[in-house]
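As written, the chains take the letters A, B and C, and residue 1 is the first residue of each chain.
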């Protein structure tokens, strides 16, 4: 693979809307090479030796933080974890000062997770250090979208022209938001499906098809992506009960009978077994949920590498 | 030392009942060699370079976590710490998914600490990645038992045939449980001693002698191991007051007068000075309590090495 | 730079009163060399490979902990973070046992942060392992003072003879306390300024001038250091309201007009914009607040190096 002819155009990855097809291709191709490192006995390359990556997780997240931390360490970067309840950090001014302080310690990359939409983009405007979003509020989760694309491409051999159905709480999902943008960029045909109250206004501008019927969404899909129900939203005005949600939008064996035999099933995790997905489906032959996690490390290794200008020596 | 002729039979260390005499010998011999690394100026061997160790501590434990973390880093492994209040993890289903997710990130070893008995064994049944228990509920604490055995062997030159007395809350102690099994395996003669309400039913099946008299337990012992009183149990039905416990089962200078001059005193830490042990005894000539901590790092280095098939290059 | 002719006289850095002029010079000269490492593309020297540094932060502190962690990692040390709410550690006895336990794991250096004054000094009396204070209660914060001195010397070319004004809650500030001692050692002329209720008794023994008038303090200063108002103290007996404090002791553009054009402005951070300092002043041409953070990493690298006897190979 010769990547020397192209570089990432962006100094930040905070929204999938800022990545071109060439950028996405570059990241996925690099991730494919990086994946090989995690399959070796000695899972380590000296690529980012002497680079400092700060994982700044202002919203708790064990799995995404762990994925970024492993990614950095497998490339020999120095990884620093910072966690913080948002309390002292909800005021813009204070986050700005904190980020300028971190930048003064000369990191090569800042990974930022925030419960508040827009924070990674704001930070990218304040400091020169490259920024990668690890998820912000209900806005975007670009590295999740990239690992989804990697898993789809790995399985289907391509992205363009595929029928993708995203099922769940479209309104509140940063995973859906990043994927809707990214999948349009790479030329997928996207159907969104969920309770009418959980579909954003003007959603038809972003999705090719919109439906409230699970069976319709499943029928011709090459890929089904079901979203996590966030239990803290249950009981809010627009939200059905868990039982009601599961009955109408959950994926079970009976629903999967309507799907293509070779359909690929994705879920951003962690899954609520018996709510948005039944155990039989989660563990069934369609599911690449754990492969998504493996690819998450590969995609983040690729991003750390491409964003810090590490020297490939592996 | 030639260890090439034997390998650990187990892919998991979750119970001392699964380790043979040969396994224990192998671990203690390897630990002896590993201890030398921590005594050097440059405390580092490249043995586990490129191996990923995840410390998954679902119950807080500064000292055991630190010991595992130092062990991994001294062997050049990439060490990832995960902590979690058990809250979201008490349901079996959810722990299974979490562990499968961690496994998908391709770690070489998972260290698991849980407040719930049996969790490390369960996890070992779910995933292929080698598992080491760092203590589970009131069940077992195998690496503590191994560091106890190492300290005893180092001091006494052997394990077989020694008189060991374990004093304290035998009923609730994972340290006692692991040691009772291990010490039977290596041929020690074990006496347990504690308030009648804190001795398990059928304890005589596991211990060679059972007594509620501290002086009897101390008298002919080669090794006295006193257990930590967990203050959160005080006030529970079966439990005496601290003062009452201390009066009848605490180790003080007067009790130690009945012991052999060369008796070895152990305690798994952290100690409650003035409760199960008086300050004079804890800091006295019999005590190897801090040597136990030093040996804890050595034993864990040995286990990480043996379980991940690291290449000896030191 | 030839540092071979001098070594640090102390095995601990817990108070600026224990460092001689030669010690301070040595640390600042070494820090200058260390600063270069953080400016490289590959920010890493093998100096402390195989050394173990434990960051024991019994009081939360993201920025100081991060600074120490980055410092250790850039010198290739193994860095272990321990945090702990003080709750189980407020009794001296228990801290002693904990520290002896940590020492038994053979660290080369312990960094200690505590909410209680005097803890690092106490610990240094208990164990042989070198100790560096990362701030203790209202007592001292020596590495903060050293980074302040470094920033001043870098800007002004010297320390001796400079007029330094420290403005704020002198009574409760460990930064002020460490700097008053250190600046006397290196020959600065120090003015302290704050509300009369927040000036310690007998302060005139430690400061060259004492004033409650901000304008007087600012007038002839080569360096102005304004201290962070700790909001948790507001409302206490001796404390004015935020508004009142800001009105009489805050630094704003109007106050800065009275200062020399080339005055250097320092603040230990994190800053309360609009309280002790206005945004225009914090971001103004006098301010070296972020350079202080950068120098913090350099000073801590120097200290880790000098205290652990690392071999210079960079």
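Descriptive notes on the structure:
Keep this in mind: contacts are C-beta pairs under 8 Å (C-beta built on N, C-alpha and C of every residue); 3 or more make two chains touch, one makes a residue touch a chain.
None of the values given here were measured: they were computed from a predicted structure.
Residues touching across the chain A-chain B interface largely differ between the two copies, under half of the numbers being common to both. Per the C-alpha superposition, chain A sits rotated 120 degrees relative to chain C, a value rounded to a multiple of 5.
Chain A and chain B have Cα centroids separated by 40 Å. Contact with two or more other chains is made by no residue of chain B. Residues 38-44, 62-63, 66-67, 69-70, 73-74, 269-271, 273, 279, 290-291, 293-294, 296-297 of chain C are the ones that touch chain A when the two sit in their complex.
Of all residues in chain A, those touching chain C in their complex are 49-52, 54, 78, 80, 82, 84, 93-94, 97-98, 100-108.
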